């Protein structure tokens, strides 16, 4: 097991698409995404269901080393500031297999 | 020819339009009704394929084929650009809206609303008014140019503002890379958006296969159109009502302007379409393209290219104002006008 | 008139009912078959809209219109209340079930099962027995009163138990606020439940649009009813079988009581409906409303208002016992009786 | 980045609706929800797919300050006791943007 | 009788096949088009039920009933086993592929592809070539034996390799328990796979209910088959294109071998089916069973029983090579041959 | 509240089915699963949507005592090695109700 950071983001699907591109630029190679998130935040209620992508929210989880996590957060913060959403980081032990 | 009230009532009291209001009331009365996400997405694929395949099958039969469509495509392009430019300047000058939001709203007004298109087709069907089936296929020729025009205008406006302010610290550095998109990327993205892609793709299929050999598929795509449209408009009602709520914080002048722009675009579209030789039905479909406000391709492009624009504003306006107006009032007016001109 | 065995066999060996058993066997044989969640939800919207729009279109043609429906609505209400009250006391006195569970079970017996309703309609269709299309619309008039009655009885029973025990420490303080719901809230919630809402809403649409202008939609909603019902019953079979498993820990006397209550309610409903002038077909649909046990609106209300009740018990009984019984045996019996009375 | 608590709950959809009301009463303004959770617990297997809401489970995640998390847990515990489900709390760093 | 080019063109320029290519181009052009997951799963249930119920209704009318099907079931079983065994040895000897991957690929070649089956049916329908409706029901008789045969061969090969290497440390100890599956488990799992289960189940329903009383359901299941197939093939196109990408790292010899195996299996199947008395249409359906490569039941079994096999390889080959080949070229060839033999 | 471990796994749906069987063998009685996960990893992009189960990914979360978590990881590692996916472990406080 190796130490790693888990970054979790919930944001509008359209913004997440942009975030993923930002991620790839800071060298992140692995992420997972779950669509159909609903909830409530500063922008009011969001719905899970709509055929219009820009009206749905999305969850992404990135497991990566601490340095990458920091770069990722720097890249993603302006997007969160502008469009809303939430981003949290936590410590995890990653099962190591090569 | 129909009396305007008759048309309005026929339209208003048709099942699809009433399903729209069923959706609206569901939100107002806090019903837990919702159209399941995957069903909604499936419904859109079906409806776009249905329109596309019929358009293709008709063009296959037309004298001149695709070539005959060319002047209309050009007209659609000019409409897309002009509506966008006019809207942009009205929004900036009259409503003093900032460049980004003006750009996004203008994109929405200039681009195409698939739901408006479908209601127009359904209205013509229920009045048994024929129309040139290729007109819906003009969709992308109006949609993409409008989006590109709007982004250019919005960016130009932001640059001008910034140079006036001499902003020392760019607030959104992280966005710069992604913010600048090439023209070709924007065109490709608005053409490969799932709805537009299915419309164009099934148009080509209809064109290749031809009407005789499409009998079985046509029965499926045509026979179910009306029913599936009811379910689609139920969802549109839910979306419109929940979006309209968010509009309350916004300049109240947006309401009359949105309606005015729809009416003017629609009316102008009827005139031009008729003078180009389209039947009254075809002119109404063209007017639906022009008057409707986009809420699918536009937000996708705006989140990337004019990210400073507030989605509540342009989505709320397109879904909560322009669409219901066109559905209930605009389309019957355009039809009346088209029939008047055709006499 | 049909022989009872003929009807039973026709019913049993009809595709929708067999699809129910296909679902049951899927669970038993551990097949990975499941009806996708969104498809299931879409199917219910379709079926309820189909029933509602037909009901509305018929009421639009009826002499007296909505007013003629009033006495039946009142009868439905009385049925809802009486079945619930009777069930509650039988459960408490005979089976010694606690107030909360008795309340929840009684709510389920008194309220309406949409699946039973649909199987009844499908059975009549396949036997070409006509029925008054407005009867399914009595759904909410039986459903809401039953739920309200059950909650009142359950709460009254719990209060009595508590006052006997002089319980010093309320175990679930956190629930008190949410536990007490106003009557109006309960009514509104059971009417805005997505299924009921679509039924009522499309009834109004059918009523407004009228049968002539609904031709195209009717073809969609009517033509596909049978096929979509097969898929719905496939899911019902999966749900019933997986719920029945959980019932094994429960008093075995629940089985005969549930069947008895269904039979008595159904029989009584046929008598009353016939004496009110309904055709045999209409009487069967009314019996389906009365005899079916609810598993949609009831759990939603119970989780909030009688949270002490065990969902496995009432869901298991409604889905695993009452529904299959009515589907396979009850409905043919009610039809036989109705036709006998009508001679 | 600010310290925060992440509360995660998995429970029946019907109960989660009640929990969200409880949450709003303790002042929680942000949460996210993912539907279509299946699994196994003390009450046996639960299925992700059913048109009957009361037969489906649901995941909620709340990011909030420690005090709110405590109030939330107090509010939610009797519901979990009665209806089942699971609730875990963990420490996270929340990306701060205002 | 049709000219081979006519058949190929008719097939290629039919809406369902073109929708397949629409899906392929969607991936290539990076469109965001996708068939929603639940819709895709619903579509498969519908299509399998449609085939099954028609097969059942036909067997119900056949002289001899189920018994008459027996020799064909046996033939299907022999085909499943032989194609698998042949493929396995060709893959090991000619392409020097390791036992696990050879086993998985052989399973895929021997087992059945539901999409190929459906395209065959659709092709015959559009050419108005009749076929014995029971042939699709032979699906499981070819599918399960192929999978079992492949697992046995694969395991035997691995054991032989291991005994040669005298591997001291087993690398995947955790897998041993789950890796060893009983024959009966494998058969049950491949029969209870949702697609196969629905096919068999609705076949039994069709058999019990019989064609006369299935009128309404048949209209639904038959009338919508063509249209729903378009949506299914759209998804198949997306899957095929995205899978094909992953194949690039793999031995290029897999391409000609996959095509050769399809052609040989299909041709042999036509000969044998014709000599057993099937019509040209029936022979083509049988050839579709034999020539298609499985991508549903096979991966499910392989992940557990031959977990060392690389899913990209067998999924990519089945979806990206064998399916498109059979769809565009194979099936017309088999039909041509069948009609030649029948003269 | 009691200390517990949260094990999160993202893997192919087919493999997760096998993992769940492994879990039950090490005595784990509770888990939750969310289907329809998409993402990117060593094996490239994975899609959330397909009617073919073996082409979809899936998220599982297991909350359990540390000893069980360790057994679970031992059981699951060879599967992850072979088929890919990701597994992380973190510390949580579990709300205790009996």
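Every chain is named by a letter (A, B, C, D, E and F) in the order it is written, and numbering of its residues begins at 1.
In this text, a contact is a pair of C-beta atoms (placed from the backbone, for glycine too) under 8 Å apart; a residue touches a chain by one contact, two chains touch by 3 or more.
This structure is a prediction, so every number in the text was calculated from the model and none was measured.
*Asks:* Which other chains touch subunit A while also touching subunit F?
*Replies:* Chains touching both subunit A and subunit F: D.
*Asks:* Farthest from subunit D by Cα centre, which chain is it? Let me know.
*Replies:* Between subunit D and every other chain, the largest centroid distance is to E.
*Asks:* Could you grab the centroid distance between subunit C and subunit D? Build each centroid from C-alpha atoms only and quote it in angstrom.
*Replies:* 32
*Asks:* With chain centres defined as C-alpha means, what is the inter-centre distance between subunit A and subunit E in Å?
*Replies:* Subunit A and subunit E have C-alpha centres separated by 39 Å.
*Asks:* Where the centres are mean C-alpha positions, what is the separation of subunit A from subunit C, in Å?
*Replies:* 44
*Asks:* Quick one: which residues in subunit A touch 2 or more of the other chains?
*Replies:* 34, 36, 48, 53, 76-77, 81, 90
*Asks:* Which positions in subunit E are in touch with at least two other chains?
*Replies:* In subunit E, residues 32, 34-39, 41, 224 touch at least two other chains, as defined above.
*Asks:* Go through the chains and record each pair that touches.
*Replies:* Touching chain pairs, listed by label, are A-B, A-D, A-F, B-C, B-E, C-D, C-E, D-F, E-F.
*Asks:* For subunit F, which residues are in contact with subunit E within the complex?
*Replies:* Residue positions touching the partner: 12, 14-15, 18, 21-22, 25, 36, 43-44, 47-56, 74-79, 81-83.
*Asks:* Quick one: which bits of subunit E touch subunit C in the complex? Just the residue numbers, please.
*Replies:* So the residues of subunit E in touch with subunit C come to 36-39, 41-42, 45-46, 49, 53, 188, 192-194, 197-198, 201-202, 204-205, 208-209, 213-214, 216-217, 219-221, 224.
*Asks:* With touch defined as at the start, can you tell me which subunit E residues reach subunit B in the complex?
*Replies:* 10, 13-15, 18-19, 22, 25-26, 29-39, 125-126, 223-224, 226-228, 230-231, 234
*Asks:* Sort out for me which residues of subunit A touch subunit D in the complex.
*Replies:* 10, 34, 36-42, 48, 57, 59, 73, 76-77, 80-81, 86-90
*Asks:* Show which residues of subunit F lie in contact with subunit D when the two form their complex.
*Replies:* Listed in rising order, the residues are 1, 4, 6, 29-36, 61, 63, 90-95, 97-98.
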